[in-house]
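Listed next: structures, encoded as structure tokens.
Two complexes come next, and they have one chain in common, chain A, joined by chain B in the first and chain C in the second.
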Partner chain A sequence: MTSRVMRDFDLLLPESVAEVVDLLTRHKNNAAILAGGTDLLIALKFDYAVDNVISLALVPGLAELTFDPEKGLVIGARVTIADILKSPEVRENYPALWQAAKVFATPQLRNTATVLGNVLRASPAGDCSLALLALGGSVLLKNSRGEREVDIDNFWISYGVTARQDDELAMAFKIPPPAAGQKSAFRRMTRTTEDLSKISAAVSLQMGGGTCQTARVAMGCVGPTLVRLPGVEKILEGAEISPEVLQEIVAATAAEINPIDDKRSSAEYRLKVAGVLVKRVIGQALDNGGNN
Partner chain B sequence: MGEFEVVGKKVERVDVRAKVTGGALYAADVQMAGMLYGKIVRCYDYAHAKVTGLDLTEAAKCKGVIRVLGPDDVTRKEYNASVLDMMVSTDMRGVLGDIDDQNIFTDHVKHYGDAIAAIIATSEEAAERAAEKVRVSYEELPVYLTAEASKQPDALQFRPEKPGNLAFQLPEMAFPDNCYAWGDVDKSFEDADIIVEDTFYVPKQKQCQMEPGSYIALYDDQGRLNCWTSTQMPKLVQKKLANLFELPMTRVKINQTVIGGGFGARLGMVLEPETCALAMAVPGRPVKLLSTREEDWVTSPSRHPGKYWMRMGFKKDGTPVACDARFENYKGAYYVDASGTAFTTGAWLGGMYKFDSLRYHGESYYTNQSICGAFRGYGNPQTNFVMEQLIDRGCAELGVDPIEWRKKWHKTVGDDGWCMGVPYNSCALDECLDRAAEAIGWAEKREKYKHQTGTVRRGIGVAVMNHTSGAMPMLLEHTVCDVLLHQDATATLNLACSDMGQGSHTTLRQVAAETLGFPYEDIHIATGNSDAAGFDIGAHASRTLYVGGGAVKQACEDARRQLFERAALELEESVDNLYMEDKIIHVKGASNKSISVETITDQGVNNFMNPETGERIGQPGQIQGYASFFPPHNAPPFGTTIAEVEVDTETGEVRVLELVNAHDVGKAIHPGVVEGQLDGGAQQGLGMVLTEETYYDDKGICQNNSFTDYKMFGPSDMPKMTNILVENADPTGPFGAKGVGEAGLVPPVGATANAIFNAIGIQILEAPITPEKVLRAIEEKGDII
Partner chain C sequence: MKKHAITLTVNGEEHDLVVPSNRTLLDALRDDLGYTDTKYGCGTGECGACTVLVDGTTSLNGCLTLAATMDGRSITTAAGLARDGNLHPVQESFIRHDAVQCGFCTPGMVLKTISLLAENPTPSEAEIRHGLEGNICRCTGYSKIVEAVQDAGSRMQGTGE
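The block that comes next holds the complex of A and B.
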């Protein structure tokens, strides 16, 4: 049961990255980073107890969303979902991410919630996270000893658990520049429009001469973390994407996922529609990026 | 039309300015000096258990705690939070078998969230922290979530006076063979060429009103119990609290705060008994009690869920010969509205079609679910889901158009209404059906959708409904109103009618203005003070405009009569020879003979003698109109919805593309208010049929008592929607108006289910119709269409 009363904690308001790192070094797992707070404050009302909450609100330099055709996209820790939606470069170069932002929650939430918060939450229902997994990239982490980058393929360990150490601040997410012929898309199913995903899929396909060169296919809500579907990727790679290939993918998808029954849907249903969803998200990616 | 000055106009609503600017004062906003805060300790570990130990000592030691209260620290008198028992005669109460079976705090937990004890502290935080320190031990009992389970012979008995856990069935004395019936059903079925039959499930839908339960109570130094609450039934709650705490009504005062939505969730008492019990433990200090959403969900009533079986027979020519039905609802832990919905669900069924014979059984079984009670529609949406799907199945087998069949066989003027023996006195359902069919392109679409291929299929479906304006003659219908004319010729209405957002204070004010012949701006409506207002049932059964409006009209006619009588004396003319225009009373045909209303009202209050003659100037006495009004009928509203949907046969997802709602509203006193009711009703109807249901795990732990996992239709889920208001004046309604508060919710339920049937040729028997169920049904059927 929830409460009308927020638990007691110290709200810390550092004004530089160095200060944040300092506080993390000091408090370790007795501190949580507060970005948009749309996950954190709910967790604090239920069973998550920390004595220190470190807000990023006053930390400069983390709110940048920068695109460089050579280096790719850098999403700072304070970049919100609404910022993603406002970026023509994201829309043009990374349709999957833009589409995930478009259906994400409500305007109020989009103005508050951050992309990095979504990644750090490590939920199998994270929408922007799923797009990032399909697009590929890495999380930039920083602690008192220095910085490191963790590939998104290795970042989520299990439900709610990431490769981030207690004393690390996630500074940014980096996506490589889009390859020539890269197409991507995101698609989800929900109980009502404003809801968390009950099943979701995202793809990034590098198309050349009518065939698919490389493919990253990712699904949400079909296991404890977001997952890639290597079997489906293998079918795609080197193939012309014909109705027959899509039919093969529909059949292959169910074998690659391990969904459960929960409040948003049943394992049975997820297994039935997963292939359809993957087929449709591929079609959406090929259809002009599906931004319309 | 031009016949009215204020009625029929979209005047500014009395409530919205404050609501949209944040000025409206809800109970949670009310602050008082010295206020204390309550927190109820509830059982969230079990749905059925005996309390074997309660230790409040640690909680009592917590900082800020003023009192800790267990079951023996408050009245142990049992009560029934519903008010239905106050709307029938004492004899009828006995016949119905209504019982009091609730305690303020219990040592026998019967549902998830049942109340065990309470804390009173100096802050909300302190109360909640202390509540966490209360230690309760339990002995777990078997959990019965369904009627099927609780009626088993070896099941534990919830109440000794209700054997078999049968809280209610239609009583033999009023309903021979415990059924609501006419004709000989078994014999009629022998005449049937076609029989359709199935068992359906209707879900536990929640009202989801925006404002969770919020209350304040103060037992003051005059020994009066004051309660601030957004109840929809202030006068009945006043009497209920007086009974529970054994006080005269003069010592119980309800201060009704702005209601943040009701939909039936505030019909009767919710946490008023608990709040008042806390206040009585700390005389002189106001105590505030605020529910969390999760708490409100399991302490306020929901719609009645349950199994609904129905069988219908038709002759080849379409004649409906027989209908047999049984609704076994999963009543929940306490009696509350056990009798009401079990009856009305059948009443709406009986009120719809001209079956040669009909038999309906309605039974309420205790279960370990949270309580069921009133919810907009009161049994009608359940019947609509079942009855309308079976009618369409019958039509499909007969090969007839569902609209044509309905036009031929629905009940109309002169036929027995939902209450046998009370015939319908007005009905414009045919016009509703014709205009809705025209607006959506029924005939073309029905034809077009017969020939579809591909994975996405469209369908179009219709449903109709009858409802009521007030619950007469089954229940008491009575509203008292007085209208006071001030010396400046403005008027204050004083009554207890509730506006829970449905716009009733606006429409009542319009009725007053029209009747008095005053501008809308000259009327003030004073409500919310149970000391001042006379009796009123409260807001339920789409009655407020019909019955409350009837009272307002009668009181204003009384005031207007007095004005005319005084004008007649002053002008030395007969009343018949006078007319009013712009608040001036003129003599017909004599343009120079007139007196202003303000002269009359002013002289009535500021009445002086002429010093020279010693005679009074004008007529003395402040004018007050009064009515204690009992409506003559229940002015039945009728309505239809036609829904168009798209079904994705690969995922089972249903998208509602369009709704056309056409309703026989009698007269739209405020068209915007009427359309608002139809829009909001449709949103809840679509939710009931497609997405909404409160559910439990095997242990009876509620799984979705919040908006995280209970999904309502949001703005972006709503289809294109058209409302058609058919104005066919009811002979008994104020200015011809009928009730419209509930009607809008009902036919979208059946129409959407029927549109799905039209799209894929399958009827889904369990609501809500989720993609999971649709996809499974499609797979089971194999080849679609």
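The block that comes next holds the complex of A and C.
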């Protein structure tokens, strides 16, 4: 072969969700789900070994991206990053997610990689995952005994580890409908835009009468998982977002994160810029979502 | 390891082949079918040398796609772009602007340009640079490539390509 060959595995091509669940029940942690495959295939070319790869390519119903103003957004397991970018409803109602999709990896990868795969990867540098953490929502999981939803706040356990059990298929991500006055934005720092983030931030603010009623503030690349910043959220909630409040947030951010040195940046640098990044992403959210 | 009987249409020609589960689309194209214009660079979806177009103008990395999941799909490689002995306008523009040095990235760059122009026929320089992310040229800068894309965009206006 011309190129690096993946280790041996059996590719299974089930044609229904029930069949996928049966295969997962049988093979458990000796099976991997293939949706986009942009993480899985790389892992299989290096140090990951599994005997069964279960492709979702022929499973109907999982490629749907549906928005309902009453029910919110449902992102099926095969919905790609490019599908998110093509959705006017996402752009209008969930700008943080649309903005994360816009700078996500490269066009080829956006055409292939899935939103749910990004969530399941449980990386602290996941861009769409960070937007989803700020927007809030849940992962819909299904096994042979039934379905359950896990709140995104409880889904990531540690680096690369999620609440999904080996026999569960992640069917969809569900985001609640946008509240009146909800504003959101995503922002990150990279050397070139196709790089993984050095540090990233996303917010979702519910504004009413000039004050922030509720806030979800999340950061990436500042700990083993993506994290929320409850101290910053507390400053925002009930406050008018004045320059003084923003300065308070800049000062408060560093105490809430625990970054490390790695090849993309240093802990010192991340601590220094984190507060400014949070301030800017709040400004971007208030500036009509900052879509451009 | 399981094997899969699939049909791939490559540059308009239908091929029946049997591939093992772990065969990438890139390896199927190059080693099973002889479409060596599709290049192997990094194998991890970062360089874009293995870019192909699927079912029209959607760009994918052949190195991160399993051939067995592409049954029945239609693939375009750079070798399939010419029509009746005439190069595609994007290929013409790359030649005119000397946007080729060693040439290794060129098939992927040309295909990616076609994909970009299908979505946005008149991209700005910033849009071209953003659109060509994921295709790396290691010979030189990207100025001539950007010029070639701009030129191709204006030449293709109204031609329906």
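Going forward, the second predicted complex is superposed on the first by the 289 of 292 C-alpha atoms of A that agree within 3 Å, B and C clash if a C-alpha of one lies under 4 Å from a C-alpha of the other, contacts with A are read in each partner's own complex, and residues count from 1 in each chain.
Rule of thumb we're sticking to: a residue touches a chain if its C-beta (ideal position, glycine included) is under 8 Å from a C-beta of that chain, and two chains touch if they have at least 3 such contacts.
This structure is a prediction, so every number in the text was calculated from the model and none was measured.
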Just chain B (first), just chain C (second), both, or neither: which does A:G37 touch?
second
Tell me which partner A:T112 touches in the superposition: chain B (first), chain C (second), both or neither.
second
Quick check on the superposed pair: does A:R4 touch chain B, chain C, both, or neither? Answer first, second, both or neither.
both
Which of chain B and chain C A:A180 touches, first, second, both or neither:
neither
Please work out whether A:R191 is in contact with chain B alone, chain C alone, both, or neither, and reply first, second, both or neither.
first
So in the superposed three-chain picture, is A:L13 touching just chain B, just chain C, both, or none of them (first/second/both/neither)?
second
Is A:R264 contacted by the first partner chain B, the second partner chain C, both or neither?
first
Comparison of chain B and chain C by chain A residues contacted:
C
So in the superposed three-chain picture, is A:A57 touching just chain B, just chain C, both, or none of them (first/second/both/neither)?
second
Intersection of chain A residues contacting chain B with those contacting chain C?
1-5, 192-194
Which residues of chain A touch chain C in their complex?
1-13, 34, 37-38, 41-42, 44-45, 53, 55, 57, 105-109, 111-112, 192-194
Can you check the complex and tell me which residues of chain C touch chain A?
1-2, 4, 20-24, 26-27, 30-31, 40, 43-46, 48, 51, 58-61, 63-66, 68-69, 112, 115-116, 130-131, 133-135
Can you name the residues of chain B that touch chain A in the complex?
42, 44, 124-125, 128-129, 290, 292-295, 650-653, 691, 703-704, 706, 709, 711-714, 716-717, 770-772, 775, 779
Within the complex, chain B is touched by chain A residues 1-5, 189, 191-195, 263-266, 268-269, 272-273, 276-277
